[in-house]
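If you scroll down you'll find the structure; I have some questions about it.
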Amino acid sequence: MKILAFGEVMMRLTPPEYKLIEQTTTVDLSFNGTGVNILSGLSHFGYQTSLLTQLPDNHVGKAAAGFVRKLGIDDSNIGYSGNHIGLYFLEMGYGNRPSEVTYLERLNSAFGVSTLADYDIEKIINEFDIIHICGITLSLGEGTREAATELAEKAHQSGKIVCFDFNFRPSLNKNHSHEWIKKQYERILPYCTVVFGGERDLKELLDFSGDTIEQLSQKFMEKYGVQYFSGSKRSKSNTGGHLSGFLHTSKGFSESPTYELKIFDRIGTGDAFAAGVITGIIEEWSATRTVNFAVCNAVLAHTTFGDSPLIEKDMVEKFMNNELNSVIR
Amino acid sequence: MKILAFGEVMMRLTPPEYKLIEQTTTVDLSFNGTGVNILSGLSHFGYQTSLLTQLPDNHVGKAAAGFVRKLGIDDSNIGYSGNHIGLYFLEMGYGNRPSEVTYLERLNSAFGVSTLADYDIEKIINEFDIIHICGITLSLGEGTREAATELAEKAHQSGKIVCFDFNFRPSLNKNHSHEWIKKQYERILPYCTVVFGGERDLKELLDFSGDTIEQLSQKFMEKYGVQYFSGSKRSKSNTGGHLSGFLHTSKGFSESPTYELKIFDRIGTGDAFAAGVITGIIEEWSATRTVNFAVCNAVLAHTTFGDSPLIEKDMVEKFMNNELNSVIR
Amino acid sequence: MKILAFGEVMMRLTPPEYKLIEQTTTVDLSFNGTGVNILSGLSHFGYQTSLLTQLPDNHVGKAAAGFVRKLGIDDSNIGYSGNHIGLYFLEMGYGNRPSEVTYLERLNSAFGVSTLADYDIEKIINEFDIIHICGITLSLGEGTREAATELAEKAHQSGKIVCFDFNFRPSLNKNHSHEWIKKQYERILPYCTVVFGGERDLKELLDFSGDTIEQLSQKFMEKYGVQYFSGSKRSKSNTGGHLSGFLHTSKGFSESPTYELKIFDRIGTGDAFAAGVITGIIEEWSATRTVNFAVCNAVLAHTTFGDSPLIEKDMVEKFMNNELNSVIR
Amino acid sequence: MKILAFGEVMMRLTPPEYKLIEQTTTVDLSFNGTGVNILSGLSHFGYQTSLLTQLPDNHVGKAAAGFVRKLGIDDSNIGYSGNHIGLYFLEMGYGNRPSEVTYLERLNSAFGVSTLADYDIEKIINEFDIIHICGITLSLGEGTREAATELAEKAHQSGKIVCFDFNFRPSLNKNHSHEWIKKQYERILPYCTVVFGGERDLKELLDFSGDTIEQLSQKFMEKYGVQYFSGSKRSKSNTGGHLSGFLHTSKGFSESPTYELKIFDRIGTGDAFAAGVITGIIEEWSATRTVNFAVCNAVLAHTTFGDSPLIEKDMVEKFMNNELNSVIR
Amino acid sequence: MKILAFGEVMMRLTPPEYKLIEQTTTVDLSFNGTGVNILSGLSHFGYQTSLLTQLPDNHVGKAAAGFVRKLGIDDSNIGYSGNHIGLYFLEMGYGNRPSEVTYLERLNSAFGVSTLADYDIEKIINEFDIIHICGITLSLGEGTREAATELAEKAHQSGKIVCFDFNFRPSLNKNHSHEWIKKQYERILPYCTVVFGGERDLKELLDFSGDTIEQLSQKFMEKYGVQYFSGSKRSKSNTGGHLSGFLHTSKGFSESPTYELKIFDRIGTGDAFAAGVITGIIEEWSATRTVNFAVCNAVLAHTTFGDSPLIEKDMVEKFMNNELNSVIR
Amino acid sequence: MKILAFGEVMMRLTPPEYKLIEQTTTVDLSFNGTGVNILSGLSHFGYQTSLLTQLPDNHVGKAAAGFVRKLGIDDSNIGYSGNHIGLYFLEMGYGNRPSEVTYLERLNSAFGVSTLADYDIEKIINEFDIIHICGITLSLGEGTREAATELAEKAHQSGKIVCFDFNFRPSLNKNHSHEWIKKQYERILPYCTVVFGGERDLKELLDFSGDTIEQLSQKFMEKYGVQYFSGSKRSKSNTGGHLSGFLHTSKGFSESPTYELKIFDRIGTGDAFAAGVITGIIEEWSATRTVNFAVCNAVLAHTTFGDSPLIEKDMVEKFMNNELNSVIR
C-alpha cells in the first residue's frame, strides 16, 4: 500500500522553553501541514508515502523538502515555484495557558497559488493506493480547490481509497457565504471513501441535524456514500484533559476508551489520529481496534515536539496494552 | 491614566531546562523587579507606564533599559550612575523541588545607593496619575528610603493614587531592629492609597492582632487611612497548589474563587496580581470583578517564563470566563 | 533634533554559526529595515528617533514593535493592521562564500498594503526635524509610494530636512518599465535634501552620464535641488575587502580614507553609513569629518550581529583616530 | 568516612526540550554511571569520594574526568587507556511517553576491557572506608568481573564496608546461561555488607522464593551474610507515579512512606536512593530515618536534569519534613 | 546518471563556538562519511544518488538515515543491524590552532562488521552508472574489504564507472604490515576507473618513485589501468592557506589555479573536490574545467559547517568566474 | 613541583556569537581570574595546582568551585563566606571592533573583603613549591593586600619561588595617590622571585627610567632582588596583530620570535604567557626556549574560548616547531 497526500507545507516557528514571541531571539524551525503530518505518522509505521505539493523555488523550499524527506516521505512529486511558503508562530502553552498560533501570509504561498496544471494527476493515481486530500485546499485558492476536487474525482473513478478531512477554518473563509463554502465540500464529498471530521462539521457546515454524532454521521455517510467517518473528541483541563475517538463504518459505530492527556505539544494530534485510522484500514483491523490504536497514537503525539507524529507502531501498541514502563532500555 | 513605578531593576540569570547553576554553561539573561513587573503587566493591558529608577552607567545598564522598553515601559525617567546592578540566579523548580533564588550583591547597586537628589519628584508627580512604590526601597539604603517616602508624601499631597507593596525581606534587614523597620513602614503608609500585603505583614511587621485577614486589614486600613488593601494566598503541592486573592475596600471585603495552579515560573506572580488590582481600580470595576481578574492574571503568570507578566487583558478575561481552548488559532 | 523614518520593518531569520537553512532547526529572530537601521544608529548616538510604519495586528507585530523600542526607537507612530510582515532568511557568508538573502512574501505585508490614509502626515511633520524616507517604499505598493511622496512633499514645504535613499531593488520592479520606475523617483527627488545612492543609481536608473561619481552627482544635485549626495563604495575579497565613502555638498566633493573590512555581518552596513552622514549634518561637522565618521561607523557595523547599527559615537571616534586597543576595560 | 566507587563512566547524549534523536541537531553532553551517580550524591552531602575506573586516553576521557571532578569526586584513581567510552542516547519522556535509552557500543570501552592489573587494589583499600561496586561490572568483561570480585574480597577481609548493587541488565548477558550469571553474583555476594536490589533480583536471578520482599530478603541476607538489603519500588502513571523504599537490617525490616512523583529526568534515581541509604549508614541513623531520607532523595532526583544526584542534605531534610515552599530565597 | 556510494556513515559531535570538549555541555550532532559527503555534493548539483551501507538497528541508525535523506540521498539501499555506529568528536580549530578529531570505537560499528552477504551487489550494479567506493572500507574489517573488492570487480566487469579514493588511515592499520596493506589496495585498483589520492599514497603506500606528481601518477595509471587520477594539495597558514588540484587523464595532466582559503570547517573538503571531479566526468567537461570546478567546490566547502558539501552548482560556477558579491539577494 | 595561586575568582558572562549585551537573551557562564588562568594552564601541562581564595557561601560559589575543579585545579584551599563574587560581561570583539569588558561590583566580593585571618598561610607554604600572587590583590581591599604581602614574605623566607604579576588596574585605584599605590607594590616586590609586567609598569608605576625594556628591567631586578622578569608585547591590527615576549634572568635578556595572531578570545592570554614561563622555570629550560614556549602558549590561547588556557604541552611544542597541520586526527 502506497499513500500520497495532497496538501500544504507550512513553516512553523516556535519560541523555546515556553517563551512568548516577544521574549525570544531564537525560534525552532520546522515544516509541517496536515498532509505532511499524516504521512509522517504512516512513514513511522513503515508505509511508503509521498507528498504532492508546491514549494517555493528558493533555499527555504529546498530546506522544506529536506525536512519532509527526513520524516521518511518521498519528495519526488513536489514542484517548485514562486517565493513564498505559508508560515505561523506557535507559542507553546503551559497548564492554564493555551497554545497560541499566529499565522502570517498564507494564501500567496507557492501552494496557495498553484493550479491543476501544476500537478500530474494521472501519474499519481496510477502509482498510489490511497490518496489523502486536506480540506484546507478547498479554502486556499481557486487552483488548489480545483486540483483537490479533480484529484478526488479521478482517484475515485480509478477505485482508489480517497481520504479527506474537513479541517474547516473560518479565518480562511471570511469572504465566502455559508452556502458557497458548503457547496465546495459537497462537490468533493461524493468521491471520498474515508472522511475525518466532527459534530460541528456536520451540523454547522453541512446543515445536518441529529442528537448524537452517531446519528449525524449515519445521515452524512448515506448522503455522500462515505464508507468511513471518524474523529476525536477532547475535553480540556489545567493538566491536560482527556481524549477519545469514534469510527463509523458500514458495520456500525465504534468508540475508543477515553485517555487522560498530558500535553507537551498540542498541534498535529488530530493528524496522528487520522494516521492511526488509515493504518487500521490498511491492516484491515476491526473498527474497535482501529479507533483505539488511532486515539492512542494521538495521545502519544501530544507528548512529542512538533506537529508531525513520530511514534513507532510498537510503542503505540504497548501503550494500548498498558505495557509501557517509565523508561525503555 | 498614566502609571509610574519607583523601584529596583535586577538582573536575573536563569539556567536552561530546569538545570542547576553547577550544571550549566549558559544562562538566560533578563531584567525585572517589582516595579518593572507591575508596569509590564499594565503595559500589556494597554496603559501608559514609566519606570523611575537608577541603572549603572555602562553597557549592562543600557541593556537593562532596552529590556524595560521592550516590555512597553517608558525609560525616560531612568538615570544612569555607578557600575552595579542587583542580580540573582533563579534555579527553576520542578514538581517536588522548589525554585531557588541566589542573590549576589544588591545593596551597592546604582539604585541601592541612589538618593532623593537623583530623582525629579515634582516633574513625576505632575505627569502621572498613579505612583507605585515598592516596599523593598525601604530596606535598600537611606537614600532610596528617603526618596520613596518623599515621593509618597508629595504624590499624596497632590491627590495622586499612591500604591505600595510591603515586600518585606528579612534578609535585607538583618541589622535593623523590629521597631526600626516598623517605623519606616509607618512613615510611608499614611500616604498610601492602595497597599498590597498579607496577614504576616500586618501581624509580624506592624503588630496588629486579629483572627482573620478581614479583621486585620480593617484595623490596618483605618489606622493609616488606606483605601484598598489586597493580597493573594497560595497553597503548595507537588503539581502546583492553589491560589486565591482578597481585596478590601471601603465598601467591604471581597475574595476571589480559588484556582488550581500549574507552575512553570513562580517568580513575579504576586506582581501580576497587583497589576490586576490596579487595572480594576483604573477601570472602576467592582471589587469582586477586580480581585477575580487579578488572581486570574496571577494564575496565568505562573505559566510564562520570566518575572514580568505578559498576558493580555483579553486572555485573562477568557480564562476568568472559562472560555479558553487548548489552542488559540 | 528629532528624526523620524518612514519605512518597512522586516523579520530576519538567521541560522546560527554560519549554517545554511537546510542545516538548522533553530534560527535567530530579529526585526529591521532601512528605517529601523538608520534610527538604531542615530539612537545609539544619542538622538531622539521615531519610526513611522504599519505592523501586523498580532503577536508578531507586537514583538516587532518591542524589538524596535529596545533599539531605542519610539514606537508611538506605528500602526497595526493585517496579519503579515515581510520576512527573509539570511545565510551568513564566510570567507569566499557570500551571504545569501532569501525573501519570502513581502508585498502583502501590513506595511506593503498600507496607504496614505494610515499615516497622520501633518502631526509627524510638526514633531520632527528630519524625515527619512526609504526608497523601497516606491517599489512596494501604490499606497506606500503615495504616502512616501506626500510625506516628502509636505516636509519639504515645511522646511524640514528630507533624507532619501535609492535602495533600488530590481526584484521588486519586475513588472514595471524603466521609464515608469524612473518617473517615481523623479516625483520625490525634488523634495529631498539629503540623498544616499551610488553611480549605478544615477546612471542606470536616472540616465545621467559622466566619467566620475563627482561629475554625476554634480549634475544630479543640480537637477533636483539636492543639497547632500552621499554613498559608500566597497571592494570584495576573501578576507573582507575595503570600504570608502563620499559626500557631495554645496561646498564640494569629499572622500573618506579607505578602510580594510573584516566582515561578520554584511547586512545593514549601508544604513550605518547613512546614520553617520545624518549625524554629521545634525552636528554641522565638516564634510570631511562627516564622511570619515560615516564610513568608520559602516566599517564597525560589519563586525556586529544584525542589520541595525549599535555602536556608540565614542567608539566610532576612537576607531577614526586609531585609538582602539584589542580590549576595552 | 571516605567512599570509593568502582564502576563505569558513560557518556550520555540527550536531545533538548523532549525532542527525539531524529528531531535534533544538538544534544546535551554529560558523563555518569552508577558509581559516578552515587558518589555525586554523597559528595553533595559533604563526604569525600573517589572514583576507580578507566577512561579513554584522549580528549573525551579527559573531559569525562573533568566532569567527574566538577561533581566533587576525586579523580586521582582514574586510569587512561584505549580510545572508547560506553555511551547512550536518552530521549526524555513526557507524560504518557516513556523515556528511551539507546546504547551504542559499551563492551569495548576503556573500562569494559580493563583488567585487575589496571587497578591498585591494595592502595585503595587502605585509603577508603566504604567501597561501592556496581553489579554491571560483572556483565561487562572477564577483567572487570575479576577486578570487582577481587576488590570486594580484599575490602571485606580488611573490614571495610562493601556496597553492591545488582543492576542486572539482561541485554548485557544474552550469551550467558542463567546458571553462569547466578554464579558470578554468588561469588561476590559473600563479601558484601550492603546490597541494593529488589524482588526480581532475588527471585529471578538468585532463585529465592517467598511471598513478600521481607521474606525474600531475610533468606537472602542469611545465606550470604549481607547486613543491609535495600531497594525502592515504583508505580507509574501519566503524571509520574509513586515511589517508596525498604531497608532490611539485622534489626528488622523498615519501609518508607510512599511519595507522589513528578518526573523530569527518570535516570539515576535509583542511585540517589542508594546514596541516601549509605548516608544513613555513615551517620548511623535509624533504619526508618535512613530509608525515608533515601527515598526522599530519590524523589527529588526525579526533578533534576541528568543522572547524577545534586540535591544537598538540607533540602532533602526539609522535603522529608514537608517544610519546602514553592520558592526558596 | 545515477551514482551509488559504498561507505561508512559516522556520527560527528561538534562543540559549539570553537569550544573544546571539556568546555561544553552541548554538542552539534550530524552524520557523514566519505560516501555521504560525495553524494551530498552530487545531490546538491542535481544528480540522483544512493548510499550503500549498514546502520545500527535502533533510533540512532534511523536518525542517521533521516539525516542522509535530508541531504538528498536515497536511503533504500541501507540495511540495519547491530547497535553501534562509528563516531568522532570534532574540536573546530581557529587561526593557529588546528582542528582536532577524536575517534571513539569505529571497527565494531554496524558497517564495520558487515559482510558481503549484507549487500545485494547484483541489484546495485544494475541500477547505477557510477559506483564510488571509499578506501577506508579496506581497513575496517574483513567483511567490508571483501564487499568493496567484490563490488568494484563486478561493477568493472559490467562496464560501470568505478571511483575509489585512497583515504589511507595509518591509525586503522596499526596491526598490519606495509606489504599486507599494499596488497589490499592492489587487489581493488585494477577495477577502478577514477582514483583520488596524492603523492604520499603513491610513494609510501604503493612504493612508486618519481620527482613529480605527474610522473608518479603516470606510472600509477599505467600499472593499474586507471583512467583518471586526481587530488588536491594544500598549504597551511594562520589565516587559512591555499588550495589547488590536479587531474590526470588519458589526455594529459591538468592543474587548477591556486585559491586562497579562509577556513571555517576543514573536514570533508577533499570529498567536495571528488564530487567536483565526478561532476566533470558526468558532464564530459574538459580536464581543465573539471579540476578548476572541483577545487572551487572544495574551497567553498571550507566555508560551510559540517563535512558534507552543500553548495549548488551555480554558486561554484560564479566563484570560478569571480562573479560573487559579498551578498546575494 | 606543586603550585598554588592566591587570587580572585570572577564570573564571566559572555553573549554568544559576537553579540552585544543588548542583543542577547542568553549568556555563556564561566569562572576565571589570573590565578585560575595560570593554574589552568599549568594543570593542562600536567602539574599539580591549587587555588587559594574565598568564594561566596551559596550555589554560585559552589558552582565556581566546581568550575575550578573541572579545570584540574584542587579546590581544598578555597573558603566560603559572604554572598558576592566579582563579575563582568565580555562582549567579544571581531575584526576592527575591540572586545569590551564591563565590570559589575567587584570590591565587595567574598574575596575582596577577605582578610589574612581567612587563610592558613603556614599550611600553604609547607605544601607548595611555587606560590603565585596576583597583583590585583593589592588593589582590592586592605585584607587581600595584607594577605598577599604576608604570603609573599613568608614564602620568600621559606625559600619558595614567589611569582607575582603587576596587573595594575587604574580603575580599581581611583581613590589612591600614585605614591600610595607605588608603596604597596614596593612592599611586596622584595619577596618576589618571578615578576610579570611590562614597560608601563616599570615606568609609570615604579618611576624607573630607561630607553629599552632591557635597561628598565635590569634596574628593576637589581633594586628588588627579582630573579626573573618577563612579559609579552602586542601590536594590533584588524586581523589580529602580532605577539612577542621577553624574559630577563640573571643570565641575560631573551626575546622570542614575533608571531602573527588570529584572535578569537583575547582575554587571559597574558596568563597563558605566564603559565608558559613558569613551566620553563619548573623544567629548567633555557630562557630562549622558555620565552618561546610561553609566547606560543599565549598565541594559541587567543584561539580558544574563555580566559583560562587549555592547550596541552604537546600542541604548544608542535606549534613552536611549526609541525601543526590544519587538522589533527
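Residue numbering begins at 1 within each chain, and the chains themselves are lettered A, B, C, D, E and F in the order written.
Here, a contact is a pair of C-beta atoms (placed from the backbone, for glycine too) under 8 Å apart; a residue touches a chain by one contact, two chains touch by 3 or more.
All figures in this text were calculated on a predicted structure; none of them were measured in a lab.
When every chain is reduced to the mean of its CA atoms, the largest separation from chain F belongs to A. Taking only C-alpha atoms, you rotate chain E by 120 degrees to land it on chain F; that is to the nearest 5. Farthest from chain C, judged by the mean position of CA atoms in each chain, is D. Interface repeat of A-C: among D-E, E-F or B-E, over half of the contact pairs recur, by residue number, only in D-E.
Rounded to whole angstrom units, the spacing between the C-alpha centres of chain D and chain F is 41. Taking each chain's centre as the mean of its C-alpha atoms, chain A lies 45 Å from chain B. Each chain gets one centre point, the mean of its Cα atoms, and the points for chain A and chain F are 62 Å apart. Among all residues of chain B, those that touch two or more other chains are 16-17, 20, 22-25, 66, 70, 100, 103, 239, 263.
For chain F in complex with chain E, the residues that touch the partner chain are 16-17, 70, 239-240, 259-264, 299-300, 302-306, 310-311, 315, 319, 324-329. Those residues of chain E that touch chain B in the shared complex are 23-25.
Interface of chain E with chain F (complex): residues 17-20, 22-23, 93-101, 103, 169, 171, 234, 236, 238-239, 241, 263, 266-267. Against chain D, the residues of chain F that register as touching in their complex are 66-67, 69-72. Remark: chain F residues 13, 16, 20-22, 24-30, 56, 58-60, 62-63, 66, 83-85, 87, 89, 91, 100, 102-105, 108-109 touch chain B in the complex.
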